[in-house]
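One chain, chain A, links the two complexes that follow: it is found with chain B in the first and with chain C in the second.
And now, the complex of A and B:
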């Protein structure tokens, strides 16, 4: 896969550095997503009750297992910066690639904004506990985004090594809370009586509605393939790192639901800003409170860090291909990072972090992710049809095709309905945005794109063309 | 002969970026500003709330106290708030048409572009 960029036009240009291993891929995927355990997932309990929250956790886990299986096959074969964007370019076409690039940028930039909002909220909560109410959250939101953008500007290895460490600590904090509560460290007993007294407060439709925020447990795991061009061995590292990531998250998500549902009344849990930290507060154990405060801070920072990394790679890739002004396709001469894309996306994240409510920002991110998962279904079918298994060498072949694709499409349809239950306006507005942007690209922007350069893989001609 | 795209000047590049920015911020912020976005829960507070009346047992009451809400009246709105999931079929059909129509549009236009890409990439006369 090392010749991906070598087949591009023979111009002298700087390349991204291949320095990452499987552990970095795991850290990138889990690092972005683990924050979903620390905040946001619990809105699914609010939308459907405790049982619906658990059902959403597992159904969304199934959806993301399909995503990871499909993504591992395609990405291990098309290992280029931009991940799904590069896949769409080679399999569906330029306009689809442009849209996928926008899905990625929007999903990750909104997730980054949500993380920054949570940092501000958490510090405000802790300041209140210390007797300093009314903390101004905005400086902390701005500082978080600016610091992480600077870190990304300076280099990918330092950025993802930083992520590896703080992600591991945040994951261990969840395990520590789970084990401590099992060993009786909580001053208040766990209580699951709501499972029998209010099993489904909204009926069965609540389970579907809960799937909306159930996606938040795992949203962003597909980000592992954004770093494909910076991985030493894509065929090995990408499937290994991604699948290890989804297994980690399934375990963490189930433990999180169990601890939070046992320690917090479901009505409170359904609207809490920092549920794991709140669960630690209920235990009355200062050590656990400090640990979960650190875990929440680290998970939000790791997630925002990974989001900046991924969004900037997608934006950079589009600039390099002239889908966006080519000015964005520059690599820093010293740090070898897509520095202009990193800097450009900072104010966009700030606009939403400082001006929109958390649940709205989370919904924007989920919607863009959902559109991306829908793309993956027909992208996988087209990939196998245009290049059957025997025609090109794949780094990984996912089993049971087309079952994962069918399951993914079915769950995506359910998730659209779940978002419609309460957030239909955002969905419609977002669809209008993507339709207008698509027409803009096809009728205006595409004339600046070099046709032949859009296909850089050393593959035979696709079947049917 | 391979397609040679025109060179885009600085003004054109800036214009394109501003167009995308306006589209993005506009589409995402307009529903918020117009008050169309979000599914606010509607509280249905009860009179003279007690933990028992609010359906909370003794352990749950301790949990509320541990997160700083010791007075049932302060939890009244949180506990009694509910989403409204009643919906009309027309908006649902409009949404479905938008989603499906969007993907059909993108895939069809993409295929037209993709054929040009493949033709140029694999036809030796056009490289």
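And now, the complex of A and C:
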């Protein structure tokens, strides 16, 4: 069978390489997120107890299922690097697109910095267990960012194949812990008595407060669509990879809550640094301890790796459209990666990783993500209104529209309230930052944008225009 | 000096190496190739390129 291209480009152009399949998309999405199972989600238990932790796990799961469905439909139609940025550009308008691009870059760069900080913390813990005190974490933080940036610089196939392997190991580690505990490998019996003795220690408001940290279970799954320009078959691979990813995460999240809540007292679990590793330590099984430590390290590296990939694609797309200096829109002639964007974002990640506290960095990442999810709701409504189902071909059509959109918007509102309860100042500061950036774009930057070149999809005129 | 102190130095050295590799490659590419070619990527190429499959 021959595969003949009917119309070749008139001039030579460097494009990102189309080499990825659905498994790489799964690895990108789950890889970014799975670290949230290994740490962070458990603060939801601290905010509201065990039941609140489980409610947050499933409510956030519902939120992200809506995100995955909505994203799959739009991205299977707009196969462009930049993901939600390209969606906003085509469906809403330039100012929204600029903001969404910034949400993406901020969310992923902050998460990358948080992961690098965590690598340093984990190695410090191991050094402490081996009797070495006062480990200098900085070289390890810098090395994790530098190595992963270099990997991303060298090519997307190697980067996401690496992510596939380490993400699969980290996921299998959670399953191994769950199965081992079920088969009686733990020295300590599972104990869920706190569900009846302290069902909601802080009342119903505890469930709302827990939602903030419930987002950690799934934060970043929407990153799959950043690879839209590098998959062989976007209409097939993106929905498959994304939906398989959210299913994986729902399973991993529920198992994680079950094992950790059964093995660790909820008062300890609510403030633990590495809950899955701690649960493995409680079992007294050395093999499980080693496996879960490896899983923790791998999930952290996979997340940072995926974040570098996604942040650079969003930055690259904005440069290519001249929303940012066009210098960033360059593709490496050999490796076919957005190499300038990758290198440019390295010092920014280092500044946050070395100079900002972990909880602040993660909160800024969550807030940027949340703003992006809110955008998805009205983006979806506008997409279906402007281009109804019969007008353009979609790789995936999500069911029950507009119910997922309404559910997503409602849950986003609840999540904003939950974040406001704990981090009101950061929420306000973040909003101010985006307002100032929007003003800069509107008054200073938009004049450089080639307005006619922005709309690249061969779609019919939108309805009503 | 124990193994962790040595690992710290190794991490510093590797970080510098990866940073230098990226920077040197960036400079080499930017000075070798025309910027117009490097920034020639366009969004939506797959959509405007129709594929015909022949058996």
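We adopt the following convention: the second predicted complex is superposed on the first by the 452 of 465 C-alpha atoms of A that agree within 3 Å, B and C clash if a C-alpha of one lies under 4 Å from a C-alpha of the other, contacts with A are read in each partner's own complex, and residues count from 1 in each chain.
The rule is short, and it goes like this: a residue touches a chain if its C-beta (ideal position, glycine included) is under 8 Å from a C-beta of that chain, and two chains touch if they have at least 3 such contacts.
Given the structure is predicted, the values throughout are model-derived calculations rather than measurements.
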According to the stated criteria, A:282 is in contact with first (chain B), second (chain C), both, or neither; which is it?
first
With the two complexes superposed on chain A, say which partner A:330 touches: chain B (first), chain C (second), both, or neither.
second
Applying the touch criterion given at the start, work out whether A:357 contacts chain B, chain C, both or neither, answering first, second, both or neither.
first
Could you look at A:127 and tell me whether it touches chain B, chain C, both or neither (first, second, both, neither)?
second
Chain B versus chain C as contact partner of A:193, first or second or both or neither
first
Between chain B and chain C, which makes contact with more of the residues in chain A?
B
If you stack the two complexes on chain A, which partner ends up touching A:139: first (chain B), second (chain C), both, or neither?
second
Regarding the shared-chain residue A:388, is it in contact with chain B (first), chain C (second), both, or neither?
neither
Which of chain B and chain C A:429 touches, first, second, both or neither:
first
Indicate the residue numbers of chain A shared between its chain B interface and its chain C interface, in ascending order.
326-327
Can you tell me which positions in chain A touch chain B when the two form their complex?
46-47, 88, 92-97, 99, 106, 187-189, 191, 193-194, 197-198, 201-202, 205-206, 209, 263-265, 267-268, 271, 278, 281-282, 284, 322, 324-327, 348, 351-352, 355-357, 359-360, 364, 374-375, 378, 416-417, 420-438, 440, 442, 444-452, 454-455, 461-462, 465
Across the complex, what residues on chain B touch chain A?
2-3, 5-6, 8, 12-14, 16-17, 19-21, 23-32, 36-39, 41, 55-57, 59-60, 62-64, 66-69, 75, 78-79, 81-83, 85, 87, 91-92, 94-96, 98-99, 101-103, 105-107, 109-122, 126-127
Using the touch definition up top, name the residues of chain A that touch chain C in the complex.
1-9, 11-16, 18, 79-82, 86, 127, 130, 132, 135-136, 139-140, 142-143, 146-147, 149-150, 153, 229, 234, 317, 320-321, 326-327, 329-334, 339-340, 342-343, 346, 456-458
Quick check on the complex: what are the chain C residues that touch chain A?
2-4, 8-9, 11-12, 14-15, 18-19, 21-23, 25-26, 29, 33, 35, 37-55
